[in-house]
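Going by the order they are written in, the chains are A, B, C and D; count residues from 1 in each one.
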Amino acid sequence: MQNMPQRVPSLKQGKMDLYWAYENMQIIDQIIKRYKSKDTLEGYSIGICLHITKETAVLILGLQQLGAEIFICPANPLSTQEHIVSLLKEKGIKVYREKGKTIQSFFKNMDMVLDNKPNIIVDDGGEFHKRALQKNYKIFGGTEETSSGVNRLNAWYKKKIIKYPIIAVNQSRTKNLFDNRYGTGQSTIDGILRTTGILLAGKRIIVCGYGWVGKGIANNAKGLGAKVIVTEIDPVNALEAFMDGFEVKPISDTTSFGDVYITCTGQLRVIRQEHIKNMKNGVILCNAGHFDVEIDMDYLNSEDNHPTTIRKNLKCYKINKKNIYLLAEGRVINLVGGDGNSPEIMALSFANQLLSIIHISNNCNKLEPKVYSVPKKIENEIGVLALKSFNIQIDNITKEQESYFYS
Amino acid sequence: MQNMPQRVPSLKQGKMDLYWAYENMQIIDQIIKRYKSKDTLEGYSIGICLHITKETAVLILGLQQLGAEIFICPANPLSTQEHIVSLLKEKGIKVYREKGKTIQSFFKNMDMVLDNKPNIIVDDGGEFHKRALQKNYKIFGGTEETSSGVNRLNAWYKKKIIKYPIIAVNQSRTKNLFDNRYGTGQSTIDGILRTTGILLAGKRIIVCGYGWVGKGIANNAKGLGAKVIVTEIDPVNALEAFMDGFEVKPISDTTSFGDVYITCTGQLRVIRQEHIKNMKNGVILCNAGHFDVEIDMDYLNSEDNHPTTIRKNLKCYKINKKNIYLLAEGRVINLVGGDGNSPEIMALSFANQLLSIIHISNNCNKLEPKVYSVPKKIENEIGVLALKSFNIQIDNITKEQESYFYS
Amino acid sequence: MQNMPQRVPSLKQGKMDLYWAYENMQIIDQIIKRYKSKDTLEGYSIGICLHITKETAVLILGLQQLGAEIFICPANPLSTQEHIVSLLKEKGIKVYREKGKTIQSFFKNMDMVLDNKPNIIVDDGGEFHKRALQKNYKIFGGTEETSSGVNRLNAWYKKKIIKYPIIAVNQSRTKNLFDNRYGTGQSTIDGILRTTGILLAGKRIIVCGYGWVGKGIANNAKGLGAKVIVTEIDPVNALEAFMDGFEVKPISDTTSFGDVYITCTGQLRVIRQEHIKNMKNGVILCNAGHFDVEIDMDYLNSEDNHPTTIRKNLKCYKINKKNIYLLAEGRVINLVGGDGNSPEIMALSFANQLLSIIHISNNCNKLEPKVYSVPKKIENEIGVLALKSFNIQIDNITKEQESYFYS
Amino acid sequence: MQNMPQRVPSLKQGKMDLYWAYENMQIIDQIIKRYKSKDTLEGYSIGICLHITKETAVLILGLQQLGAEIFICPANPLSTQEHIVSLLKEKGIKVYREKGKTIQSFFKNMDMVLDNKPNIIVDDGGEFHKRALQKNYKIFGGTEETSSGVNRLNAWYKKKIIKYPIIAVNQSRTKNLFDNRYGTGQSTIDGILRTTGILLAGKRIIVCGYGWVGKGIANNAKGLGAKVIVTEIDPVNALEAFMDGFEVKPISDTTSFGDVYITCTGQLRVIRQEHIKNMKNGVILCNAGHFDVEIDMDYLNSEDNHPTTIRKNLKCYKINKKNIYLLAEGRVINLVGGDGNSPEIMALSFANQLLSIIHISNNCNKLEPKVYSVPKKIENEIGVLALKSFNIQIDNITKEQESYFYS
C-alpha cells in the first residue's frame, strides 16, 4: 500500500531512519572513529550534491564530526527524503533546497551551495562539477560518485577544462563492483516490485546496457526467475552477456515479446519512437540510469499528453491503442520508486567518498588537475574494514609466496 | 518511503488498483466469459474468508458476475486493504469487517458471514471451515486455499467431523507449484526489502521449512546473492535442500551467524527462547507462514514489553543487550509488509478456486463429505489458459506416442 | 582423450573401481550391516536386469552378503562395464551376457536369467518384467527402477496382466528427486562434455521433456551458462518450466537456433524428420531417456547410411548438405558416453532397491499383485541414513508441535 | 571408462580431432581468410611453447598458412596429445618433443626450439620467455598466454631484463573474461567429473583463489548444486566472493568439512602440511593453476611414498590413517584429466594470439621492450567476429548518442 498520498514524515521518523542506516553502515563509523581525534577536516568546507537520503546523512554527519563545514543540495529533484532534510537542518547542516521541482530550481540549489565557496566538491552526475569549474575561487579538489559523471569529466579533461583534482569514486573496485552491481542490481528490482507488484518469474525482461549496473540487474532478475535479454552497443560487453547465459539482441528485435524494459546505459534516447511504437500492449518501461534521458519522454508525451496515473509512480500512456506503462516518469527507479541502494552498499561507496575526501585534504598540494582513480591503498583499507564488519577472516600471503612472484 | 503514516486511500485508488489487477489476471476474465452466459452460479450463496486485496476483488466480482450472492470477511486482521473494502461495498458485496483488530472481532466477522447461511464455503486457513462445520444448515461444499488449512482439514477428517465436500485448492499443482513457490517466494522477499531495505547479497538467511514456500523463498534469496541455510524436521525434505545446494542445520546451530530468519513451516513456536537468546545482535526475524504462531511472540514480549518501532512493521526488542528485530509482529510478511502475491499468481490460484466452486455447484449431489484434490481436468484447463495468456505454444502428443504407453 | 580404442580393462581395475564405488556408497554398507546377521535373504533367488556398472556391483554383492542367490543380465547392450562383469563372475555371481549387441542376444540374456526361476525380479525398463510375467513358476515380487518402466507396468495393470507385487522404486522421493534430477541431470551433461568437449556457456540447449530428468538437465545446463529452451506436451509441466525461467516452445519453433537437443520424455520419435530437416548445420542430438527410441534413428539412417565417426560416440550425418551430429547412436548418453550416475546417487536408488527387496521378502504373503509405491517408512529410513552419511543434523518436532496439527 | 590404459591414437584420429576443432573455431578461419592473401607472416619464424592440443594445431596451421615457419615444444610434459604431434609433423611443423617427462627434457625442448632462432616467441607460463631473454639474437617480440606468466614478466620488467615487446594476451578482455572464466571454469569441473565421477550436488567445494579462473570454477560448481567456499588473500576479491553468495574463510577453517579442494591462485604451496593433516577422510585435492606448485606435493610424498592408483589420474595417499585423494599429480586438471578448454573458447584466446602476432610483425619497429596489453582495436575485432560466428546482432550507437558524451 505504498501507492497512496502520504503525510509529511516527522523529524522523529528521520531519527529512526538515521538509526537504522547507522546500524547497517558500521564501516563509516569505524573510519570516523579512526580519524576523529585528528581534527582531520578542520577548516575545510565541503559542497555536496548527492541524493539526500538517510545513508547520505550518515556520510554528512561523519564529515561534520571530522571538523568540516558542509553545504548540500540534492542530486535529483525527486529523490530527496524530506524528513532527512529536517534532520540535517536540526544538526546544523546547511541544506539548499528551493521549493519546486523544475530544472531551474535544481540548478539554483547548486549555485547557492557554490556561493559559500566550498573548497572540496562532491558530486553525483557531473552537473555540480560543471558549475564549480566555472568559478574563480580556490578549490582543492573533488570527488565524483557515478559512471555517467566520470564519462563527462574525462571528456572535459580532453577539452582541458578540469581545474582541480577529482577522484573518480565510481572507478574504485570497492564502489563499482558492489554499489553498481549488487546495490543498484537489487534496488532497481525492488523499485519495480514496489511500484508494480508484478511477478518476475516467467517475465521477459530487456536490460539495455551490460555495464556493472546492467550485470547486477540482469543477474537479480534471473535470480527471481525472469528470462533476461540484453541489448548492447559494445561487442565485448555483448559477448560477455551472451556467455553469461543471456540472449543478446538489438532492441528492435525484442519489441514483440519484451514485458519489461530497464535502461542502464548512461546514454540518451536508448528507447525511442522506433522501438515504442512496436512494443506489445501492457509493456512496462523504466530507467535505472542516473539521468532521466534514457527513455524518450518527449515522444511519449507527444503521443499521449494525458497519461493516466494507475498507482504511485506508474503511468499508462495510450499509444496506437496499446497501454505503455512508464515507471517514475523515466527517472531512476531505485531511488524514486524505492529506498535507493541499501545502507550496507552505501557504506562501501561512502567509505570511498570519505577516505577520498581525506586523501584530498592531505594531498591537495601534490595532486594535479585531472581525474584520479581511488588509490589502491584506500581500496584495500575498505576491503579490510568491510570483511571485518561481516566477521570474515581471510588467509595471509606467506613469505615464500611473496618472493615467488619474483622468481 | 513506505514507512510512514498514510491517509485512508480513496475509492478512486481502489478502482485503479482493481484495473491493475484485472490487467494481470486475464485467466480469470477468460473463465468468467466462458461460464457467464450459463448463469452458472445463479441461486448459490458463497461465504468467503480470504485476504481482502485487489486480486480477491477480481475473484469476488467474477463470482458475482456468474450469479452468486457473496458474503465476505477477512482471513487476517492486518492484511485488509481498506480501499478495496470500499470498492467491494460499492459493487454490492456484503463485507463483514468489525472495527478492531482483536481475535474476537476476527471470529465475529466469520460468524456474521455464516449467519447468512452461505451454501458454499471458501476459506484460507481452516478457521472459517471449523466454524461452518458446527452449523446445522445445508452446505453444499467448500474450498480451502492454504496448506496449513488442508493439514487441519485432514486431521478433522480422521476425527470424522467433515460434513461437506471440500476441495483442497492448495494441493492443485497449478496452485502449490506456482502460488507457494514463485508467488510467496517473491512476495516474501519483497516484503522483507520494503520493510527493512537491507542488502541480500552476502547475507546469511535461515529458511525454516523446505516445503513449496520454503523452496521458493530459498531460491529467490539465493537468486539475489544470499547464502541460504535451511532447517527442517523431515529427513527427505532436508536431503532435497542439501542437494539443491543449501546448507542444512538445526536452528540452534545457526544462531551464531544467522542474519535473517524466515519461518514457513505451518508449525507453532518454530523459533523460540532457546534459539532467540543465542542469536547475534541485529538479527531480523520474520514469518511467511499463514498464522502468526511460528515465532514465539510470547517470549519476545516477556523479555521486552516496550519494543521500539524503527520503521513501519519493524520493531526492535532489546534482549540480553542485543537488538532483535521483528517484522510485521510475526504476521505473514508478504501481506503485511508488501502487496501479497502478484496478481499473475493469484490468477492461477483463484482460477482453481473459481473452477472448484463451479465444480461443486455442478456436482454437489455426487461429492462425499471429505477432502478432495482439484480434479486433473481443472488443472489442465488452467495450464492451457495460463500458457495462452503468456502466448506460449507447446507440442501435441502424436497418435503413435499415445499408443506407445500401452505397448 | 577418452575417444580412442581401448584395451580390455583388467580385473585389478574392476577391484579398484569397486573400491571407489564403495567409498561413495556408504549408505548401502550401513544397510547391509544392519540386516546381515539376520540372514535376511537366505533362500531367495533374485533375477536382476540392470546396467552392469561398479555401483550395481555394490548392490549385487550386498544382496549376496544377505544370503540371496543372484542371476544378472544387462539392461542395455552398450552400458555394460566388462571389467565389472569379470569381477562379479570372480565373486560367484552368475552373469548372463551373450556375445553380440543384437536385440536378440539382449532378450536371450533375460530368458537365460529367467530359466533359473528367480523368485524376486529386479528390472530397469520393464522388458524383463514383461517376460517374467509370462512365466508360470512362483514369483514373490519385484521392483522397477525407471519411470519408463513404471508407465508400462501401470498400463499392464489396467490390462490385468500383473501377477506379482512390484514396487515402483522410481516413485520413491528418495529415488526420483535425487537420481533423476541431480544424478541424471549431472551425468547427462557430463556425458555430452566427454563426448563432444563443447562449451555450454552461450549455447542454446533444447531439453525435450520437463519431468524430473528434464528439470535436472535444464538446471545443470543453465548452471553452466547455457540458454535452455524446454519442449513439453503437458500444459502444467510447460507452465512450470516457463516460471522456472526457461523459454517454452514447440520443437518446430526451435530448429532455427537450437545448438543441442536432449530428449528425456520416455516417449518415442520425439525428434523426427519434420524437425531434423529444418535444423541448422552443426546441431548436436542426444538422448537421456531409457530407450533409444526418442530420436528417430530410422529417419537419420535413411538419409545417410554411412555417417562418419568423428570421435567415440560422435557421428556426423550429412542431411541436406548440413552436418547433423548424433551422440551414442541415440542411446542413453550418460551411460554410454560417461560413467552413468554418480555412486552417491546410485547409493540412494539402490538403498530403495535393497530395502524394497527386503520388504518383499518379509511381506510376500501380504502384498497383492499390483504396482506399489516404496513405503514411506523406507523413504524416511533412507533420508535419515543419507543425512547421517553427509554428517547433517536436523531438528526434531516438539511434542507441542506434534499435537498442533490436530487442534 | 576413460580410466584405463590406452593404445596410441592414430593419425586418422588426429585428423578427425582437427576437423572437430575447426568446426568449433570458425573465428580463426575467418581471420586466416582475411590475412592470407597478404603473405602476412612471410619470412617470420615463430617459436611456440603451448599445450599441444587439437586447438593449438588450428592456430599453428593457421600461422603456417600465413607464411610463417613454426617451431613448437610443449608447455607441460603431461598435456601433449600424441596424435596431434603426429598430425603436425605430417603437416611439416617442427615439433620438439624429447622422450621422457623429466623437467630436464621439458627445458631441453625449449632450448631446441630456440636453437632455430625464432624471431617471435609465443609462451604459456613465462618459462620459455625466461630462456629466450637470455639469447643474443634478434627477437622482434612475443606473446604470453597466462596470468601466471604475465605476473613473472612484470616482475622481470621491474628488474629491467625484458628485451623485446611482449603482448600480454591474458590481459585482453576477450581472453580473460572468456578463457579463464567460462573456459577453465567448465573444463576444470569436467576434468574432475571425468577423473572421479563424483556427484557435485551437495558437495562442499573449496575454491582457493577468486581471480577469473576461480570465479568461473565457483560459478560452475554452484551451477551444478555444490556449496562453494572461497579462500583468498586479497581483501577486495574476498569481499566480491562474499557478495557473490559464497562463504569466504581461511583454508584452515575449512578442513573439517571440505569435500573437494581446487587451487587456482598462481601461487605456490597454497595447500600444505598445516591444512592437509587436518582434512577429513576422503577429501579430494586438485589444481587448476598453470604450474603444479599449488598443492605441496613434497609433503604428500614425504608422508606416503607409495600412493595407490585408484583410477587414471586419481591417487590415494594414506596420511594419519585418512585417505587423501590427489588428482592428476597436482597438475592442471582440465588438461591432464580432460580435453582442456573447449575449442569455442580457444578460438577466442588464439584469435588474440593470432592478431597479436600479426600486430608485432607489423609494428616491430615501433614497439618498445615492455609488456603491452592487447590493443583495444584487436579486442573489438574479436568481439565482432565472435558475435558474427554466434549469429548475434547488436545495436549501433546513434550520432546523437556519440555526441552526448561530450556535452
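Throughout what follows, a residue touches a chain if its C-beta (ideal position, glycine included) is under 8 Å from a C-beta of that chain, and two chains touch if they have at least 3 such contacts.
No experiment lies behind these values; they were computed from the predicted model shown.
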Farthest chain (mean CA position) relative to chain B: D
A-C or B-C - the one linked by more C-beta pairs in contact: B-C
Centre-of-Cα separation between chain C and chain B, whole angstrom: 38
Where chain A and chain C are represented by their mean Cα positions, the distance between them in whole Å: 52
Touching two or more other chains - residues of chain A: 182, 201-202, 222, 225, 242-243, 390
In the complex with chain B, residue positions of chain C that touch it: 151-152, 155, 159, 173-174, 177-178, 182, 231-236, 238-240, 242-243, 248-251, 253, 267-270, 379-380, 382-384, 386-387, 390, 392-398, 400-401, 404-407
Residues of chain D touching chain C in the complex: 1-7, 9, 13, 16-17, 19-20, 23-24, 81, 182-183, 185-186, 189-190, 193-194, 197-202, 220, 222-225, 257, 282, 309-311, 314, 323, 338-339, 341-345, 390-391
Touching residues (chain side chain A, partner chain C) in the complex: 201-202, 222, 225-227, 242-247
